[in-house]
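Quick heads-up: structures coming right below.
Below are two complexes that have subunit A in common, paired first with subunit B and then with subunit C.
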Partner chain A sequence: MRETADLSAVRPYGDHLNDGLVQVTFTLPVPYGLAARHAALELARTMRLTEPEVVHYQRLCDGYTYFVVIGQCRQSVDFATLREGAFDIQYLTEHEIDRLIEEQIGRRVVVIGASTGTDTHSVGIDAMLNLKGLDGRHGLEAYHGFEVHNLGSQVPNARLVERAIAVNADAILVSQTVTQQNLHLHNLTELVEIAEAEGIRDRTLLICGGPRVSHELAKELGFDAGFSKGTYPDHVGTYIAKELVARRAIASTTATAG
Partner chain B sequence: MRSKLGLDVGLADSCREVAAEIARDVGQRTAGRTTVSVERTVARLLGVDGVDALDVPLPNVLVDQIEEHGGLARGLAYWLGNAIIATGAEPLEIAKLVGAGELDLHHLPLAEDHRIRQTIRQHAAAALEKIRGTRAERATFRAGLDGGTADAVETYVLTATGNVYEDVAHAEAVAENGGDIVAVIRSTAQSLLDYVPFGPTTEGFGGTFATQANFAIMREALDRWSRANGRYVKLSSFCSGLCMPEIAAMGAIEGLDNMVNDALYGILYRDINLRRTLIDQRFSRMINGYFGVVINTGEDNYLRTADAVTAAPSVVASQMINYFLARDSGLPPEQIGVGNAFEIHPDVTNGLLYEWAQAQLTRELFPDCPVKYMPPTVHMNGNPFRTHAVDSLFNLVTVATKQEIQTIGVPTEGVFTPHIHDRVLGLENTRYVANFARDLGDDIEFRPGGIIQTRAAQVLAEAHQMLLEIAEIGLFDAIGKGYFGNVSRHYDHGRGAEGIVEFDTGYYNPFMELMGVDLDA
Partner chain C sequence: MSAHHLADLVTEAQRVAVIGLAKNTGKTRTLVALLAELHRRDRTVGLTSVGRDGEATDVVDPRITKPRIPLPPGGLVATAEPLLRAAGLPYEVVSRTGYSTPLGRTMIARLPAGGAVEVAGPSSNRGTAEVTAAMREHGADIVLVDGAINRRAASSPAVADLVLLATGAALHTEFAQVVEQTVAAAEVFALPCSGDPAVYSAAATAAGSVAITGSGAVVPVDRALTLGGAGADLSRLLAGPDGAQHVVLSGALCESFAEEIRRAARGRKVSLVVTDSSKVFLAQRTSDWYRRQNVSIEVQKPTVLAAVSVNPVAPFSHRFDSVALRTELSARLPGLYFCDLGPHVD
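Right, the complex of A and B next:
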């Protein structure tokens, strides 16, 4: 009879329960040879892999060697507890997002975005908004449900808010890539202040993104949401659509109650 | 070459005639205009390089000053020529004086037009001669090394760490594992900068900035490897964005062998104004052509933003238009690598046969061109093992249809910018298939009326129809109507439109004259 996993102590599975088998590939910046192979095994042990084996290694060029290592991971995770406390958002596909907007909002959602301040990097905002998107997943410009205004890079916060008011934006997306001397924190805070001063904070979703931006940081700075590495346009699209639908539901409940 | 696809020769010829007409119309509609980047390129070719105290590149400093006084309609060459006569200084010295705020080109006494032209023409001729001399030395260096087998596919490998010094290590790994061409991907933000950054750079986003210093560092590293190992490795970059012609000039100066140079990419995917790009691409390609640089066009992109099965005719139509725009800039067929890609979704039944048909079609329609084939990217889902398997089929089609340049696929496509070993795994896959199936193409015939022949005929017929429609409304309107990649861009919109300048009667650009291409033809 097949044993079932103890969900409070789960280990990697190769061909039988709790064997802990994993494979790791990496390059070391050392010359190819037996010493390099030895170093890879030693490194695997410091990764706490037991009985590591170098199953393949090769020279890439002068001073660089590539390894494929297998080993047993004796560590475990408590899946049972993790599953209970996890925050899980159900992402929708492009098609599902469009349908949600059409059915629940009944008009195109206006999104405006920019890389603000002195930041010249438009890669993040372009990946989210421009048609080409990211890794073959369309940006919001391609969706039927969104009307997109991408102001590009080096846009002053005041200008972004002014344009947001002009196009009656439902959501403002701001991208910050340059984080030297915490420039992004200053810049993001300023945007929230301007949005508040102009009186649009409450009716506009404020969303920020960038490699050093987390959801927690975004909330702390006064944004509604923050997105980091690994974010795709459909993630942002899902959030905007679901959040707007949720807010409308609250608004209509309030209206009925009042 | 006998057609394996049994193509309708008359239809193919008609495609060519219509595309040539479309390109001519573009030439007429962009004639009589220059751009700030074309004029900065004139400065660069004349030896102006460096930055002022505020880090503004000197070519920008010159163009900005001339533009401020409304003088750009005469061309930078006119003002620089006049300044040479008035000051006796060389272009670089003049640019430095302007950058230091010590010279205003408009406050100098004006020499007679013919004398200005004669002066600047001499400087331009000497500058071209100097660059040609360096390139001739490179050709000799290359001839003394193994250039690979003439009929083998050239592998084109992208590196992009953001740090030029790390790029060197990656390029060496590529060279060591048989890569033929190294292309350093640019930092994504660069295409929208209306200047070229200066100096070596160690920070970039999704790539490394294309600067003249970075070109030189890569070139030197590859030359060092080539010398030590007896095999020449080529270097490539990207003539795209708002500085297309400037990058072409920098590449010529630093000995680059290839350049990605697409007439429409910036318009469609970077929202650069269409007239701006079409004017820029002309001068950019003139420079590529004159210095023997092979260009590669970017039709692969349409297959990524639109469905690859249905977008196939637009690829052929664009290849034709890109080809004739390049011909009009003076590029010979053997320097025009039109693009194509293996982007049909892996779940499509018989997808391999459609890919085979399209790759063979490109090969047969452009028999004299070093056609470039791009790997699957858009449907690569992060599973490196599946990507590696799909890449193997891509490699098979590449060798069987005799593509000339092949951008290799890497197993981690769509996950991150490839790590140093990912490219090596990709090259190994390529080499394995290229050898294991080497003469497959010569042994294969396609069944008349079979899936491959039928597909090729259908794509060609639809491309022909599309070209007729584009010729009817003109390329500008066709782009407006979203003919390419499902992206629509309009005449007056997009970035960089403010950088277009209409000639006045005194406009002069000595390089256009010396490089022997009549842009008003």
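Right, the complex of A and C next:
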């Protein structure tokens, strides 16, 4: 019988459960040789890897050496508490999303998107919304369940909110390349603030995406969800459809209770 | 002693918002100082955040460690359920809300023994007002609403009776710019109430934004104009002897609209009236500048700015002299209380 993992203390799996084996690869700016190998092992120990072993190393060019090191990671994470976050959602396929919208919402879900402010990067938003999609997976425009409005790049926040109200959007998607400069953050918070000022904050899902966007950052910014690298249109589509269905269920319970 | 005085200022209020002008201006520190002081005075505290606060390190710059937020024993908190469970503290569930966040659904809990919590309540004003009322109902004498980054929505009188502002060196590398930006923000909080009864009656009956002309006619103003951005043609709205004297906005006042109004009014006096100061979005020009151009920005409901905390340190960047900064701000904004809740680390 297969052993089951203790989800409150999950460790990396190498050859068998809980052995904690990990492999790290890195380059050091030191010449190839035994001293370099020694340095790599020292570094692995400072990473708190126990019993580190250099399984491969090679000269990259003069003064640089590349390493593959394996070792044991004794730390664990508590998956049992983590998995209960809002994003432990089972992603649906395009067909399943369309069916969920048809059966539970009964009309097309309106999604509007843009790259806002001075941001000219529309690759992310185009991949999510446009027919072509990403990596062979359709953008939301191709779904029967979605009505999509893509305003393109460098759209002022006020204009995006105005269009969102005009088309009665269920969800607003923005993409932004966030850096440590306040400017990018302030452009994202401005959208949330204008949506609040215009009275649509509670009836519109606000979703941001970008290479450095996390759930934690999305929450600080005031968005309902944040998507980062590795996101496909069906992920965003699943979130929108499921969240709208969940909100309808809560609204109807409250209405019954009241 | 400044935390003591801060608590004096807020102690009679029921709902207090702590708003920052940018990240790392000392919002969390202000909150922590206030919590400790209110606990000393035996006030039962409720706490919520429109963002997320009490985390160990900054979400944008992980080099920055942040103060933890110790909730006093018996305190109430509105936060995402997974964050509360992760804190490992004993808690009693007061109620579960319908508000979801990227960190999980929010709930209200009482912490009999208190402890350090991560706070992430509902993000919207409606949700914040709802959990604030619920915590008051369940015994909180005072509810603190924590803002996030530079978000000001929670300063609305619909959410808070009183506002504390956090500003500091993180706003800009130049001392003078920190002063100017803080003064401009404080001026927005202190925008005057409209003195014209016609404004209030128009606002009460209109479905959206309206203009009130010299003869008292009320004309609807489309959202495509108020939010439409630069180039919106407002000359018709303002032209002629019976042009608009007041524009009563139901939502946001954006800079591009204020600028188009100023241009179209050609020096004639016009007032732009918003419901409250959290609806004003100016970045290029200050409200004071518009007033000097005869475009006065007014509110229907005032915001009470009680005090400003000043953090003279920008983490991993620069620092200013705290006394000099507060002296300069006091000179520009007389009557407002400024404090530094240091020590600050960089």
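In this text, the second predicted complex is superposed on the first by the 177 of 258 C-alpha atoms of A that agree within 3 Å, B and C clash if a C-alpha of one lies under 4 Å from a C-alpha of the other, contacts with A are read in each partner's own complex, and residues count from 1 in each chain.
As a working rule, a contact is a pair of C-beta atoms (placed from the backbone, for glycine too) under 8 Å apart; a residue touches a chain by one contact, two chains touch by 3 or more.
What you see is a predicted model; the values in this text were computed from it and never measured.
*Asks:* Considering only the touch criterion stated at the top, classify A:123 as touching first (subunit B), second (subunit C), both, or neither.
*Replies:* first
*Asks:* Once the shared chain is lined up, is A:50 touching subunit B (first), subunit C (second), both, or neither of them?
*Replies:* neither
*Asks:* Which one hits more subunit A residues, subunit B or subunit C?
*Replies:* C
*Asks:* Tell me the contact category for A:93 with respect to subunit B and subunit C: first, second, both or neither.
*Replies:* After superposition on chain A, A:93 lies in contact with neither partner.
*Asks:* Touching A:186, do we find subunit B (first), subunit C (second), both, or neither?
*Replies:* After superposition on chain A, A:186 lies in contact with subunit C alone.
*Asks:* Is A:64 contacted by the first partner subunit B, the second partner subunit C, both or neither?
*Replies:* The answer is first: A:64 touches subunit B but not subunit C.
*Asks:* So in the complex, the part of subunit C that touches subunit A is made up of which residues?
*Replies:* 22-23, 50-52, 55, 59-61, 80-82, 85-86, 98, 100-105, 120, 123-127, 148-153, 170, 223-224, 226-229, 250-252, 254, 256-257, 278-279, 281
*Asks:* Once bound in the complex, which stretches of subunit A touch subunit C?
*Replies:* 81-82, 84-87, 156, 158-159, 161-162, 165-166, 178, 180, 182, 185-186, 189-190, 192-194, 196-199, 201-202, 214-226, 243, 246-247, 250-251, 254
*Asks:* Which of the residues in subunit A come into contact with subunit B in the complex?
*Replies:* 25, 27, 58-64, 66, 120-123, 126, 130-132, 135-136, 138, 142, 152-153, 177
*Asks:* Subunit A touches which residues of subunit B in the complex?
*Replies:* 169, 172-173, 175-177, 188-189, 192-193, 205-206, 269, 271, 301, 304-305, 377-380, 414, 419-421, 424, 485-487, 495
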